[in-house]
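Next come two complexes built around chain A: one with chain B, the other with chain C.
Then we have the complex of A and B:
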């Protein structure tokens, strides 16, 4: 019995907790991609860099606070700096939209052209970010490290396995739930949110009923910037900030958005968790878990890992391919494709 | 403005720049730029076949270039018999199990009616194959990588002439492209983009981490060359007399000759491909492809099997990119998976195609040559500009150090800006697509 309790704790510690935190981060990223897709109708490849830029602003603001000698106890400074970072990101997206995307929108260019344009934006942003903050790895989490330490849990339960919950993980879940909750409330209940959904459903009909398209587009960018900044900062707090990572994060985020159903916000959240849990579960080495649950003679001596962590992002790709093959519109029906 | 758009003028300007580089910097650098420019032009040709002819968005050129490069290793590297005897049998057995499972699954899907039970059987067979093959594979890999890890630790290649790999690389990539195309074509254009992006990353990750295959990040160096070595050339009497007449050292002469012969090899391939592409573009086939690109629905209504044709074009273009990848490894004489960066191998090629003129093979060629020259020369020029700008700041200033330290990162932003400017102001490129055969013959 004790063995099973240990096994359950082990999985909670190494699968469930990191999976939930990572899932929240991916879900926020995928929500941004999905929003831009449903309103502007193209896949925004610059979204990863937008997350990166938001995180960079948060780091700058954090440094600013730290230079002023402010600290917020167990709460990471970056969390307090978040609103400032969000404002900066909003300025960035609105400027990019005005300077770059608007031209193609008015010309009614093919979405593929907009996609290529977003690749150009991605590179400009990536270059500027690396120029401003440098390509190095940075940690900027200055709050309390842990909420729950493995040792405390072990002592309390009298078991040999414990559960660790990092502050950054708890904050991730909390902030992500609030952000997603507000977004859904906005889309479902407010008039502007309804306008946005109407615009995404049928552009012509929305125009006919007097919805101002430029306003909706601006709003979509603002929401995407907010979500991206939060997602990037949470990811950076949880792991570390490295500009290079966000290019690789693009694949899981797109996979999450498509798996859930591109253009469907709820789908983006579900997709985020599907991708996150598959990644964590397939790269985890199950040796210790099997040692607890199987009779000693049956325990294999290898790592019992489905895939090495080097191929982490291949998992999101495989899931993406499976979805494209069997259910191209995603788990929840997304846009007609 | 019209002369500026004249292809002869543009190619002439490129030639003048090349000569200037040869005179001001060095002949070897100029030939190096030309050689890599020719390879880039072939890659651009491949992407142009996909994007320009058919409107397929492939942003995974890096993956296909890497497949071509790896094929160069498999074809040309010396075989490692010790590694084969250590782990070859287990490896082949694992491969056999996987292939067997694939065959069984295919047969099951053919014979059984589509049902939940069939899916469960498929899954069970797959899982069983995994459980059997995984330990075999692990054992084989461990044994292979243990064979003289400092020098080999991989299976090696066939020891065949490296020129063969140009063809074989294209074939291998064609196979990969077939699989990807089967999955991602026929869906939204975005999906092909995301799928190719993903597959490129996965290919490079495999080449980096599977040491038994290509030595991973330990790199394969010293691949055999299709052209003579400098050390042999310096001893040849005609090289000596040539260097005497031209007034260069024999070493320089040999290096120049080697680079020149590479350039000739690449140029031959490029011209052959260019000729084939031009012929294809003018043939009814090219007309049909453009018709599909411009109005897919109408083409479908005319009874054209759009998905099948897209698949063909996708395979063709990817094979061409892979051929260029194999040529690149041939030129370098080494295979270094760590150097496969999306910026250099995917997006640079895209910039070449778009600036050169999508849909026009000559445009792709010009874009490849010019953008590669720009890419090489942008670094010294950019650094010079940045140093000039920060000269106002005092020595040892923190901001000055930061800017100088990170100036290299600006290349990324510059290339992005170039792409955006081209898309905005010359969306049809330097040599736009010709509006040929609209006469309805």
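Then we have the complex of A and C:
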């Protein structure tokens, strides 16, 4: 019995807890990508850098608070700084839309052209971010680090395995659920949200029924900026902020959005968790788990790892290819690419 | 025409020792890249030796030495080769102190130094592959090979009663060479390496890597990485998940920034740093203090690299690479009078009079094999969030 308890704790510690936190971060990112895709009809490759920029603003605001001598006990300062960061990111997206995307939108350019434009925006933003904050690794989580510490859990339960839950992981799950909940409420229940969905379903019909397209587009950008800033800041709080990481994150985020069904917000959330758990579960080595659950004679010698951890990002690729081959609209019906 | 050339050549060779000249020394270090924080002090160390030689006035009949800096980066072999090309072809340096990293050193040696016959002494390239590389007798290093470091680490672990260990290394020449050396030495001493896996630098999250290291298990975790990069991420993640308690830290992982970032969790972990015992280190530290820079990692090795080149030139009576390359081993090793840091003037004097010297320098230089430092290491232990020196090996 004790062995099974150990096995369960082991998997919780290394698979479930990190998987849920990572899934929330991916889901928030994928929601932003999906929103822009359904309203503006292109894949926004600059979304990763938007997350990076949002996190950067959150770090600047955090430093500002810290310089003023403010601290908020166990709550990380960055969480309080989040609204300011969101305002700054909204300004950034509205400016880029006005200066760049609007030109192509009015010309009714092909989605492929907008996609290439967004890659250009991505590089410019990446450069600006490195100018502003530098390429270094930054840790800005100043709150309490742990809710549960593995060592204490072990001693308390008298078992040989423990579970660590970091404050940042709990905050991630909490904030992500609130943000996603508010988004769904907005899209389903409010008039503006319904207008947005109508615009996404059929642009021409929406125009005929008197929906102002510029307003909807602006709103989509604002929502994307809010989601990106929250996602980036949570990722940074949980791990650490490195400007280079966000281009790597772009792949799992897009994979999550497409797997769930592009343009479908609920799909983005599901996709986020599918990708996160596949990455974690397929690169985990199960020897210890099997040692707890199997009779000693059956326990294999090797690591029982499906893929080495170096191939973590390849997993998103493989899932993406499989989905595009067998179910191009995604798990929940979304748009095809 | 042929006669004229012979004549010219003859006069150049003859006038070499007799006439005072300006000898240029290339300082080709990684001023940008992953070791940029270290390169400044290394260059200052090399230039300190040159200043000392200039002050003595005893070098090659009153010749002076000038330093020419070049950026070898650390990871960009192309940039390192181009910088070396510039130093040799347009600046006409007689020898090179450098490069900083193993990959860059190999590229410079094979692409530029060997074809042009220029002597290189690297103060910090530690890859075991450089011990056996084809070098026409032109490449030396005042840093020990990681083969030696692996042996020291394995011995240290066995003495502490470690039976099994998980090992992770940064995915490059340095990490791979060092990890192989640690693994083979530890296994030869009866230990077990449960897993030997690479990690990439610059990732946001290392929990998956730590999960597989933890699944493999082991008494300790050896992290052959960089303290400002993936190595820090691995240790942080391992402590968060309570996967390992004790870490073994090779030279790339020992530094104040790691202690500052991790804090208490590192207590009880131990590691090694190149370093030598006794007065020479203190003497060198005082000299460095006076010159106004810090004794960073490999600053002493850089001082020694420059000093060895200049002393070998003095011994050969020429700044020509083909002539003095054979004298480097002579001045570095016994027999002869021991030359401490700050004693370069005396060394030059003895050599000018035809005597022999045994250069000790800032890092206790003893060149072995194909011309690399025998390797003195300082064993450190982290206690109460600070690193303390246990002993020298």
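Criterion: the second predicted complex is superposed on the first by the 335 of 337 C-alpha atoms of A that agree within 3 Å, B and C clash if a C-alpha of one lies under 4 Å from a C-alpha of the other, contacts with A are read in each partner's own complex, and residues count from 1 in each chain.
The criterion applied here is as follows: a contact is a pair of C-beta atoms (placed from the backbone, for glycine too) under 8 Å apart; a residue touches a chain by one contact, two chains touch by 3 or more.
Quick caveat: nothing in here was measured; it's all calculated off a predicted structure.
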If you stack the two complexes on chain A, which partner ends up touching A:248: first (chain B), second (chain C), both, or neither?
both
First (chain B), second (chain C), both or neither: which does A:235 touch?
second
Using the touch definition from the top, say if A:221 reaches chain B (first), chain C (second), both or neither.
neither
Can A:101 be said to touch chain B (first), chain C (second), both, or neither?
neither
Applying the document's definition of touch, where does A:273 land relative to chain B and chain C: first, second, both, or neither?
neither
Taking the superposition as given, does A:292 touch the first partner, chain B, the second, chain C, both, or neither?
neither
On the A-aligned overlay, A:308 touches which partner chain: chain B = first, chain C = second, or both, or neither?
both
Footprint overlap on chain A, where chain B in one structure and chain C in the other make contact
248, 308, 310
The chain A residues in contact with chain B across the complex are 42-43, 45, 100, 103, 111-113, 115-117, 119-128, 130-132, 134-135, 247-248, 250-251, 254-255, 258, 302, 308, 310-311, 313-314, 316-317, 320-321, 324-325, 328, 337
Can you tell me which positions in chain C touch chain A when the two form their complex?
171, 195, 197-200, 202-205, 207-209, 211-212, 214-217, 228, 233, 240-242, 261
With touch defined as at the start, can you tell me which chain B residues reach chain A in the complex?
55, 57, 59, 135, 138, 183-184, 187-191, 193-195, 197-199, 201-202, 205-206, 208-209, 342-343, 347, 350, 354, 402-403, 405-407, 409-417, 419-420, 423-424, 427
As the complex stands, chain A meets chain C at residues 13-15, 18, 22, 137, 139, 146, 149-151, 154, 162, 164, 166, 235, 238-240, 242, 244-245, 248-249, 279-280, 283-289, 303, 305, 308-310, 312
